[in-house]
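Here come two complexes built around chain A, the first alongside chain B, the second alongside chain C.
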Partner chain A sequence: MNLQIAILLGQDGITNGAIYALLALSIILVFTVTRILLIPLGEFVTFGALTMYAFQSGHETSIVWLLAAMIALDAALDLKQLFSNGMDARKAQWIGIKLGYAALMVTLMHTLSLQEIPMLAQALLTLMLLVPLGPVMYRVFFQPIASAQPLVLLIVSIALHVTMVGIGLLMFGPEGGRTAPFSDTALRLGSVMLKSQTLWVILVSVVLIVSLFLAFERTLYGKALRATAVNRMGARLMGISPDFAGKATFALAAFIGVASGILIAPITTLYYDSGFIISLKGFVGAIIGGLISYPLAAIGAVAVGLIEAFSMFWASNYKEIIVFTLIIPFLLWRSINSNHVEDEE
Partner chain B sequence: MLLKKTLTALLVGAALSATTAQAEIKIGVVTSSTGPIALVGIPQKNSVPLLPTSAGGETITYISLDDGSDPTAASKAFKKLIDEEKVDAIIGPSGSGAAVGVLQYAAESGTPMLAPVGTAAVVLPMTEQKKWVFKTTQNDDLIASAIVDHMKEAGVKTVGLIGTADPYGENWAKVMGELTREAGIEIVASESFQRQDTSITGQSLKLLMANPDAVLVAAPGSSSVMPQTTLKEQGYAGQIYQTHGAALDPFLKLGGKAVEGTILAASLMLVLDEVEDSPAKQIATDYVARYTELHGEAPATFGGNVYDAGLLLHNAIPTALETAKPGTAEFRSALRDALEATKELPGTQGVYNMTPADHSGFDERGRVMITVKDGDWKLLD
Partner chain C sequence: MNATATQSTAHHQGSGERLLNISDLHVSYGMVEAVTGVDLQVREGQIVTVIGPNGAGKTTLLSAIIGMLKSKGEVHFDGHFYKVPDVENLVGKGLGLVPEKRELFTSMSIEDNLLLGAFQRFRRGDRGYETTLAEVYSLFPRLWERRKQMSGTLSGGERQMLAIGRALMGKPRLLMLDEPSLGLAPLITREIFRIFADLRRQGVSILLVEQNARAALKVADYAYVLEGGKVAMQGKAADLANDPRVIEAYLGLASKHQELLSS
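On to the complex of A and B.
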């Protein structure tokens, strides 16, 4: 082991760690606001990567039909609510907008020559296709049971994860995908090559983390979400809609997941079922942060990435074991050091 | 009353149709068309409609089940096919681990099993149970010996191995260990990785530090690409070999420039246009054309393995029909004997010559050396 190898491994570890950090943050965000452990987060990563790959390799992108079907389901639920609660012009208008959006995406998918448009446009389209799935998922599956026990929410979350893996296989096939890098240039620092994609990943992760921080500290909506996380009932009394908070966090989480997928797609081959392991490592980071602390979770996630990189050099057979064993001392430390608070409801 | 009468009529009708169904030959097919090895199972399931529908004047019906890449589900599917459907033979399952697990059921009930799996452990060493199993893939050592021979000719003295941490990669590591020792080639590094790993920088650096003359990547499907691209990125200049696990078109698409010049040994299905005319070539060409027509894409080699199982049965059934009727234990036993007596039967993968000791039955006609040139498979000369 010399310095060059250490730098290469470190670079690799930080790249993966940055992605795990993003995922850890969204896991904590969703958990604190809605008490849902978002297991299907990993599927947003793989869906993002594989949709980009489908665009670039000219495959059919049937994922748009999933979006259309989910939005239709969502609109049907809204309509039902409208009929039982009396008509409301604004809500009716919303349903129209949603259905219009689905129709727009379907036409876009079928008129654009997806293979030829610039990569930025492909990435934007991927986000436009997949991010709405987040809030719709909350609306359809979680909103009706929002006040259920965390265990019930967890079970629904696992069911969704399994379903989404199946849908992924159906839509993207069993083969893995790897997209073209954002740019071909590489940066040379002394004797070490820095891949430009690595810099992209780190740059975008930092920008995302900082803007999340600013959004939560400075904007009204961010503060509303934080308030919900601190005390759901209190926030509700202050006029913050829990439905809105749930949908907003799911939209954010979906956005972060899909963006992570687009970021790492050029570095690695992703399969329809790769998402779970990736989000599980984000989850280890989130556990290190006690499912509460954002900075601790981010640091923990980067540490997971680094430990993973070095353990795959030293003992490739035991890599996963080493990473997941990490969780045990932290759980012990957490349970000794903190007063256990029973679930608030 | 009326309801009762209708029910009875229905039941009688069902019983009658069941007895007439007895006359036809029933073949069970178990594949992993969902789950982690769907990559293998989907082309296999898709090949079922192409299998021969009659043999020796009897119609053949196929009952296709999915085991979700789960060995337990594969066992259940086998029991169901054997106990409830009373099938005459079973093609499957897709997974090596599952195949090792279910062969006892095939043996207990005396049902011939045609396994399209990679591991030689289902037919070697031959035992009383494995008598009932026939394998329609090339044994790893057949492919490996071709690769080692090529290494020897090219003057390779040291080799690095990187394989998946599953039965496929592990068996390759074992086979290569034996063959390289005989050939006087030293294995200087042996690394493993998981299919879903998002990075294998560490393993690849370790290989680079050992600086072998050549590297062999032993991984099934698209997971064979990442070790190679990572090695190339880090500046490895030696020759890279791949196994028949990489012999799929996505390998070329995902690998791009990084897989140029790769050498691998695989069945002739990849380079049909270039190999000399042979009965096997004709059958493979025909299979690929029919599959493409039906499913809109060319089949992966795994599909050919199931198709060959169908051909083996098609060839053996007329002989078995001479001694017994389908649906009986005698028929299944006769079918097994007839399968074991298969001689010079061309399939998509090569030519089958079964013997009591060799239930895979391939010789060197079952493999060709292939290289990647200008983004396409080319016969290596």
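On to the complex of A and C.
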């Protein structure tokens, strides 16, 4: 191996690592706030990538009907709650807005010539189609069982993952897709070529991570989500509803998942079932952070990306095994060090 | 219907309107009923206390009023009837609870804890919470000195002050406190009870649950004695403090001993 190859592998590793870091952060965020391990996160990645691909290749996609159906289900549940708990003008209005949004998306998808619009607009539409599925998923499947045991939540999460893989096959078909890169230019740094998409991935990931950090440190809504993670009961007494916290974290996770999918779609060919392995690598990062520490998880995830890239070179058949074996020493270390202190008083 | 209800509570001294009116409240844990048909009122500007032995159902009662526990019966707060009391809603309408276990955000700073107390106001677009923050700091200067510190590093008394300050950030019209003196040194207990009188002067009504019956009856206008999930006695706090049954059960030597233990 010479320096040039090392730099190329390092580039790949950091690119993938940045994506794993984003996913690891979402997994921790969702887990600490809702106690749900978000297994279907990977499907948001593949749905994002494949929706972009469908736009660019001019394929039909019925994904907007999934959105419409889910929003209709969500609205029906909200209406039912409204009738049993007493009318509330603001909530009724909100139901109307959601239904209106679904109608707008259906119209947009059928009037725009999706193949011709600029890539930025395609990306925006992809986000608008898929991100609302996050909060709606929480509302429909998790909110009614929010106080259940973590194991029950995990089982529902797995069921949703399996279902979404099936829906992915139905909507996008068995073929994979790769989209056009965001820009065509390549950067030359001495004797090595830097792929421009690599820079895009790193840039956008860093921007996302920094904005997440600022949102959680500086804004009251961000603090409210942290508060829910720290002390659920205390948060409720401040009027921070767990339903709101759940929907907000699912929206953030869905956004990060879909954005990751859009970012890596020009680099990797993704299939309807590629999501699981990708989010599993984010999960390895999250475990390295003990499912609590964001910085450790981010560093761990980048390490996962690098190890994966280099093991691809030396032992490509064992790349996945090497990556997932990583988790064992960390699990051991975590379980030896954890002292299971519940909130001290 | 309102007129007759007001009649039946006419013995409640104080001119204020009824802020909280609970009737026939039942709360169960599974098959076991912990609160069995409680009627209770708090008038505007009053300090009302609920005393009673351990396990009487005091904590259960407060949790049900604010909607943390499911209950049967009627909860009227500030003129509105709540079919299903729901915390987020009631907190927004001006009901606050300082729970027995404080429930602070231990890994967040004191200032963040306080700001989160104003979450509902912030959400409504009420930017007056910055004034309230200054008021809370002047009420508890110790919190100001430590505002950047993690709340988990505070002492017991400071934690209680933070819990009260955080609840005040929501600008409650009725503040409910569950055993605020639990585990505090007598000096700090006195300081905190002095603040209740101050708060009332500022127009905050208080529903105070206490084991420290002596201190509670001294500061309150009206008192309920809860035993086995039922109201066993009620009356003006000054009258109850002189009632032989109350003296024997809650103010006598035995309870003095308990007070010492808990301080």
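Here, the second predicted complex is superposed on the first by the 340 of 345 C-alpha atoms of A that agree within 3 Å, B and C clash if a C-alpha of one lies under 4 Å from a C-alpha of the other, contacts with A are read in each partner's own complex, and residues count from 1 in each chain.
Everything below uses one rule, namely that contacts are C-beta pairs under 8 Å (C-beta built on N, C-alpha and C of every residue); 3 or more make two chains touch, one makes a residue touch a chain.
Everything numeric in this text was worked out from a predicted model, so none of it was measured.
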Considering only touches as defined above, state whether A:Asn85 meets chain B (first), chain C (second), both or neither.
-> second
When the two structures are overlaid on chain A, which partner does A:Phe31 contact: first (chain B), second (chain C), both, or neither?
-> neither
Is A:Ile264 contacted by the first partner chain B, the second partner chain C, both or neither?
-> first
Could you look at A:Phe141 and tell me whether it touches chain B, chain C, both or neither (first, second, both, neither)?
-> neither
Chain touching more of chain A, residue-wise (chain B, chain C) | B
For A:Ser316, decide between first (touching chain B), second (touching chain C), both and neither.
-> first
Tell me which partner A:Trp200 touches in the superposition: chain B (first), chain C (second), both or neither.
-> neither
Return first, second, both or neither, reflecting whether A:Leu169 touches chain B, chain C, both chains, or no partner chain.
-> first
Is A:Ile277 in contact with chain B, with chain C, with both, or with neither (first, second, both, neither)?
-> first
Flag every residue of chain A that touches chain C in the complex, lowest number first.
-> 85-86, 220, 223-224, 226-227, 230-231, 233-241, 244, 343-345
As the complex stands, chain C meets chain A at residues 66, 68, 83-84, 86-88, 91-92, 96-97, 99, 101-108, 112, 115-120, 122-123, 152, 166-167, 170
Chain A contacts chain B in the complex at 5, 8-9, 12, 15-16, 57, 166, 169, 173-178, 195, 264, 267-271, 273-274, 277-278, 308-314, 316-317, 319-320
The residues of chain B that touch chain A in their complex are 34, 36-39, 41-42, 165, 191-203, 205-206, 209, 221-223, 225-226, 233-234, 248, 250, 253-254
